[in-house]
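Alright, structures below, take your time with them.
Here come two complexes built around chain A, the first alongside chain B, the second alongside chain C.
This part shows the complex of A and B:
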């Protein structure tokens, strides 16, 4: 039932106003700034360059490197999170012994500050005094350059992302698993379907909508990654682990290149939108087939 | 429910599954154990290589925490207070106004004409450009002038029979939630510019309580509206209808019946928002510099200051982590099945 009462405006306007003021407002501001050549240090008065900032960004290798790095981190990390998270959720749902204890422990990482997690990771990945080095020394792998070699550093960042955000997938998939109707499985049991067949025939397709939503959320969130990289490598070595947000931060907050950074953030927004729309377009046929 | 999943497997694969979950659990817990243990180490306990067991491998000490409290490396105590104050107030305000908006979206019908939205955007953008370039206002002045004008015109225009689609509640909800999709750097940076220009007009927003809290409220609202909508939808409408028959005003129905009935949901939403604000890094990095610095900024700074003093780093990280650990315990009690499920539909 939908009521109609003028008081509804009192209910909704505070939220609308705050969001309008704090997100649309600056958006317009930075949108117009992105067409200016505007620096604070050294101070140059703003000058209209139209698409000049966008053009120079698109020719900047560092920008493409940041896009590539961010995409790599996001896709690999979310892929691993999904596989591990779904697996653990399945096991927990099937009443693994001690499952209640696991639930609290498994929930923890996603509530912790990424900055603090990255600090802990730095200690664990320390090539001489860290526990991981000690562990790998047993296998003859001594003093690996965890955070000082580009490829290793990327792998470490991805590992931290997986550690921190797999719990989110576990939580969501577990909630999804608990909504599945039992009778379908009983029918499958009568048909003598193996556990493997049951998974691919029933569980996976029925959880596809939730999976799609969860992966989408994680993917979009992963593209924003900044704190973890900021603390673990600072984008280094060189710019090998520099993500888009970190690149924007360097340009905007270290060099105070305002027009350029605004343009960069809008390109970022466009990229995110493209990824989101493509993802949904790719998935739509699979989601609708089931109905 | 596929509760029979494990029994359908052979004993060997059952053991394999249990071992896998156990392994993941160890991976999850080890870093936490490590940081707790390291925070109680003395310098020799760190430099000599990794040690794990207190009293056996090394002698624990409280010195790192005493150093923290005395503010030897940054004013931890005040920063902790800052984080607490900003976190609690932002989460409370966001939950309150977000819940109200969510309730309105569940129970009342809204119609927004697409044309009116377009008018708002074009007027805000055009008015800003006009005020700024032709009439010689400064940029924040131009924005502050253009915004209410555009808003008023758009609200009036919404009553006119404009051509184009009419957007309903679902679209308004989508608009709220889509705010969460934006890369925060877009707004963080623009907000920084805007705040600093407003600061030049004499109203300090950068590194202020109001500026930071306002920004956190705005960025928590999408989650709050999204989560609370599901909790309110679960409230049986018959109760409200009965109250309406008795002519109870809507605001009393909301505060007297609906809010108490969805207390669990409100609490969970409040805690999730609090965790989000407590851990937030990017906005705090842009919008604070000394007085209202929050914990994540201070913790991130520990690293570059003195990289090898692990006992201090661990203690710092622990201060940022422990409140959320306690919350995780509380939350997991509330996380009965389905509590979060509605949120992902």
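This part shows the complex of A and C:
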């Protein structure tokens, strides 16, 4: 087939139309909606408000609170996931007895549905009836307000996120570790480099590209956290654990305020884009060195 | 003084014994090459000296120190790996200086040492490049540079040239030899390439199945192989072997091959061969110790030609003598044709006899 054979259109256009229909069209529709005052309940005809939805969102303290909460959860959870996940991957990469069993067991949480995990977590952390407080009371500790105090609730959500998603980091870092050449470590061994020096001098820099990708994926995913928070705290107490997606849900599906929710979604997209671009810009010099 | 003593060293992986009771002394400043087929234990031996493999039993000494139980970093050996083992994320300069950095030496002394080494190895213009941006030969030089910079007691080379093309290999061979002369350090070098072994070594150690078959200077190894294995392994094309026995005929010792031809053995060797009369032996003839026809009586054999390979400087005539494969190295344009008999005269003073049962050479004075 020649490069300028018209048959190429037969192959290209269906794909372009499918992409337009399933990806671009909803985006454009949602984008236009964000400039409307569009409520389903009570059903009021849509009215163009231009940037009105954006303006009122940016003046809404609840929006800023949601941004802050989501960022807090995402950064702390992903940070912990990375440190713990990398550590566990290093341990699993060493040939220890029973390593295969550990490998499977440690990867299991990732395979569970987040809603199920959150339900179990809600039971465990239940301040009055949960087994955790019961266990702690055995040591004479008072009942802790796991899900009823804002700080404790955030910590619980982060703990569940870390528990569920660290396996993903383990999986990726372990795959990365297994691609590292052995003779490089032998060369370092001959140079009398300690385990710590080998980690900082060889392992960490050689795995930086994969680390960057893994953290990026987890960060973006964490910003979209919904089910865990929805089930565990419902955003409460008050709005202390309300994340961006939960806020969007409340606006979209409780108040059916579609224009406002669309604007919120786009602000969310802008926020994630800013975070992503900054993250990559910060890492780029280090990653380019390794090309 | 950094001689290496390997004393009664064995290595086993579970029930599999790789090396058994190996003894080898490498003198200070000596260039020793361990050569042998794949799986003969040469690399394992080298790695045991480096400390990258533990020793099942026995002792390894470097200089006056018993290093058997020491970890690799404390043995003061530098190793050049087959796949270079360069740190891919570091520049050439950082690669060379990594060891010094790890030991906490000052930035200035690292820079100076790296520059000195780069000058010696002609790497100055590549110091800021990464290994990926270098050719195979340059990478190997970086690996050697990394070894030199720490000024070790012993250099260990693990098949360092096997990933290079033929031309580069010859160049690097010369460079490594020149380096040895300049640095005057002990080198233990592993290769499966007998040409490398012969051209570089002060002493060649031929290994097979975890044992040393012979350790001697290259010429001795070539001219006086200790046994059938060494005779067959060293030399390309390899030595021809014809089975037969020693017989006494008409007051002289002859090598009688199964077809009945008797090759008159030199008088000077009769004393050594006398004890083997009537015993099965193997006659070893190097392809280049054969003349085309015209030899005196009792030195000729007939081969049936299977193929003729013109190589440029000479021609290989390949075929068989009786049931035994035989290759003869002949001058260009020799009149040999496939499926035709071809008369050969042997230079019997340069042939070898081996006891067929033990495989050992029947020593000729």
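Heads up, the rule we're going with is that the second predicted complex is superposed on the first by the 268 of 291 C-alpha atoms of A that agree within 3 Å, B and C clash if a C-alpha of one lies under 4 Å from a C-alpha of the other, contacts with A are read in each partner's own complex, and residues count from 1 in each chain.
FYI, a contact is a pair of C-beta atoms (placed from the backbone, for glycine too) under 8 Å apart; a residue touches a chain by one contact, two chains touch by 3 or more.
Please read these numbers as outputs of a predicted model, since none were measured by experiment.
Contacts of A:169 after superposition on the shared chain: neither chain B nor chain C is touched. By the touch criterion defined above, A:158 lies against neither chain B nor chain C after alignment on the C-alpha atoms of chain A.
Contacts of A:215 after superposition on the shared chain: neither chain B nor chain C is touched. Contact with neither chain B nor chain C is seen for A:225 once the two complexes are overlaid on the shared chain.
When the two structures are aligned on the shared chain, A:205 is found in touch with chain C, with no touch to chain B.
In the superposition on chain A, A:73 makes contact with neither chain B nor chain C.
Of the two partner chains, chain B is the only one that A:92 touches; chain C does not reach it.
Contacts of A:11 after superposition: chain B is touched, whereas chain C is not reached.
Counting the residues of chain A touched by each of chain B and chain C gives the higher count for B. Chain A uses residues 189, 194, 202 to touch chain B in one structure and chain C in the other. Interface of chain C with chain A (complex): residues 50-52, 71-75, 77-79, 81-83, 85-89, 98-99, 101-103, 146, 150.
By the touch criterion given at the top, residues 1-6, 8-9, 17-18, 20-21, 24-25, 27-29, 31-32, 34-35, 38, 46-47, 49-50, 52, 97-98, 100-101, 103-105, 107-110, 121, 124-125, 128-129, 139, 143, 147, 151, 172, 176, 179, 181-187, 189-194, 214-215, 217-219, 221-222, 225, 237, 241, 244, 249-251, 254, 275, 278-279, 281-282, 285-286, 295-296, 299-300, 302-303, 310, 313-314, 316-318, 320-321, 324-325, 327-329, 331-332, 335, 337-341, 344-345 of chain B touch chain A in their complex.
Residues 181, 183-184, 186-194, 197, 201-202, 205-206, 208, 289-290 of chain A are the ones that touch chain C when the two sit in their complex. Of all the residues in chain A, the ones that touch chain B in their complex are 1-5, 7-8, 10-12, 14-16, 18-33, 84, 87-88, 90-97, 102-109, 111-124, 129-131, 133-134, 163, 166-167, 171-172, 175-180, 182, 185, 189, 194-195, 198, 202-203, 210, 213-214, 217, 220, 223-224, 226-227, 230-231, 244-245, 248-249, 252-253, 258, 261-262, 265-266, 268-269, 272-273, 276.
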